[in-house]
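Alright, structures below, take your time with them.
The following pair of complexes shares a single chain, subunit A, combined with subunit B in the former and subunit C in the latter.
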Partner chain A sequence: MTINAITDVEFGEELPAFEPDTSLPNVKQFAVAAGWDGPRFTDHEYARKEGLPGALVPGIMSQGFLSAMIHHWAPTAEVRSIDTIFRAPCVVDQPYFINGVVTDIDEDSGTVEIDLTVTNDAKETRVFGTARVIIPS
Partner chain B sequence: MILDLHAHSIKSDDGRAKVQNYCQWIKAREIAIDGFVLTEHRQFDDESDYKELGQKHGITILKGAEVETEYGHVLIFGVTKALQESFDFTNIHLSLAQVIESCDAHGAVAVPCHPGRKRVGMAAHLAEFGIPAGVRTVEVYNGGSRGVEDQIAQQMADEQSYLGVGGSDAHIVSHIGRCATEFAAAINSELELVEALKGSDFKALKISQEDA
Partner chain C sequence: MTDPTKPIDVEGLRAQFLNVVFDDYVMELEAEKLAAYAKSCGETAAKFIDPADSDFQAPPTIGSSLQPRTRYPEGFPKFKGLGMDAGKAVSPLKPMRAGEPITIRTHLHDIYTKSGRSGRMVFFVNRMEFLDTAGEILGSADTSVVIREKPQE
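Coming up: the complex of A and B.
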């Protein structure tokens, strides 16, 4: 269901989840565009030599995935903040799942708070946080 | 009675959940817990009173703390003014022995949490510092555990004959109640929680979304 007004939003509502494209070509494209094209994001071998589990999905790319999920759900939403805590790295070429759920609604101000998580195949939380979005009345 | 013994609110630096939203979530999703304990990082929340909120939702809301020692993080239940004056909760280099000694002296209980976690868990420090004296109970189920962290915690508990509790370690609303502790006794206050933890009639639980 696409959300166009805050009156459509329900507490506990789950946003449509999706599996982001964390393939190396996609991450490379993003990293170059964002000016973050260092080898730790674009080169598995280099990243492993640095002691990392592989090339990393940049944190701002994860935030972009979370923001994209919100706009797929509510195209007219204004994202005021996305506040993320990075608990464990997201590695390029591995599957992750982006989820969101509504945890607070203030109809007077039009503000909705959304819990955000990035989990892996083992259902371990790699990134979590909250978003504050304004949805028109 | 089932309590989630480990949760953080916006009072913690990395907590993003408002307490009223935890209550709403538990009721809306029918999470199988009767209450939770707010264990804010490096502090005890003296100023908040959640009695009315708890009564409104029929949920027991208690308060504790999570402090940091050379053995990793430790939950404290039964925090009093006197306990707070006995050591600095904000110190990230506390001595576990001192924390346990102070808790014993002031009627509180110290429980090392997520002991299977690297750096901030007790198991990772046993080789360096040895088996600490005075630990009786550890958190064997933590809702934020990854990989084999809970297995490491349980194995350590088995080897040392520790009792086990569970807590979600929730920092966002939707993570409350992922793990919890079932008590035989009814618990409606921090004092009753301490009494129950000084006994042995409790067990750690994992609560899946499907069970909730």
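Coming up: the complex of A and C.
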């Protein structure tokens, strides 16, 4: 269900699952656009030589995935904050899933709080996040 | 380099460095890069991915990608070992738009500790604030770095 007004939001509601594009070409596009195009984000071989499991999805890109997921769910939402903790790296070309659940609603201010996670195929949480968004009434 | 056998003087660092702006510069965002940034994250709204849209603006998390020119204030001590990225928080207040001058102003916002069985961890939080030409704050982005102290024997 697409959210158009804060009265549509339910406490405990799960946001529609979102599987981000973590393919190497897409991460490269992001890294160049963000000015974070170091080889640890764009080159598997280089990253492995550094002892990493492969090229990494930049943490700030994970933040961008969280924002996109919120907008897919509530196109009129204005993100007021996203706070993220990078618990473990996300590796390029591996599948991840963005999950979100509504944890607080303040209809007077139009504010909704959402707990967010990025998990891998093994259901391990790689990134934790909390978002505060404004949704019009 | 500080003496790694002594605890970090958190109160001393707070008194000397907190809330003092140590970096300040002006930059402009580029429309095509903003659109590419937003598309690669999965945004689909025209206001984020189409530079021709009348409300075209940076995606809300853009602040996290911006960086100060220097990481810490002048005179800030160096600690043994690498600091680890402990997280990022971004708080957009107003849209940031391509081609508009944006001032990026950075200060050390907080220094705090957490203690556990493996010893004490010291967190350093840098805050960048983004301002328009009228001096209005468009948003902020925090970067936290943590240093783990060795347990005292």
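By our rule, the second predicted complex is superposed on the first by the 137 of 137 C-alpha atoms of A that agree within 3 Å, B and C clash if a C-alpha of one lies under 4 Å from a C-alpha of the other, contacts with A are read in each partner's own complex, and residues count from 1 in each chain.
One rule holds in what follows: a contact is a pair of C-beta atoms (placed from the backbone, for glycine too) under 8 Å apart; a residue touches a chain by one contact, two chains touch by 3 or more.
All values derive from a computational prediction rather than experimental measurement.
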Assess the superposed three-chain arrangement around subunit A: do subunit B and subunit C clash, or do they fit?
clash
Tell me which partner A:Gly59 touches in the superposition: subunit B (first), subunit C (second), both or neither.
second
Which of the two partners, first being subunit B and second being subunit C, lies in contact with A:Ala33: first, second, both, or neither?
second
For A:Glu107, decide between first (touching subunit B), second (touching subunit C), both and neither.
neither
Per residue count on subunit A, the busier partner among subunit B and subunit C is C
Kindly classify A:Asp8 by the partners it touches after superposition: subunit B alone (first), subunit C alone (second), both, or neither?
neither
Touched partner set for A:Ile85, first subunit B, second subunit C, both or neither
both
Just checking: does A:Thr125 make contact with subunit B only, subunit C only, both, or neither of them? Give me first, second, both or neither.
first
A:Glu45 contacts which: subunit B (first), subunit C (second), both, neither?
neither
Residue overlap on subunit A between the subunit B contact set and the subunit C contact set?
83, 85
Residues of subunit B that touch subunit A when the two form their complex:
14, 16-18, 21, 24-25, 28-29, 144, 146-147, 171-175
Which subunit C residues qualify as touching subunit A in the complex?
33-34, 36-45, 48, 59-61, 64-65, 85-93
Residue numbers on subunit A that touch subunit B, as the complex places them:
11-12, 83, 85, 87-88, 101, 103-104, 113, 115-117, 122, 124-125, 128-130
Residue positions on subunit A within touch of subunit C in the complex are 18, 20-21, 26-27, 29-30, 32-36, 59-61, 63-69, 71-72, 75, 78-86
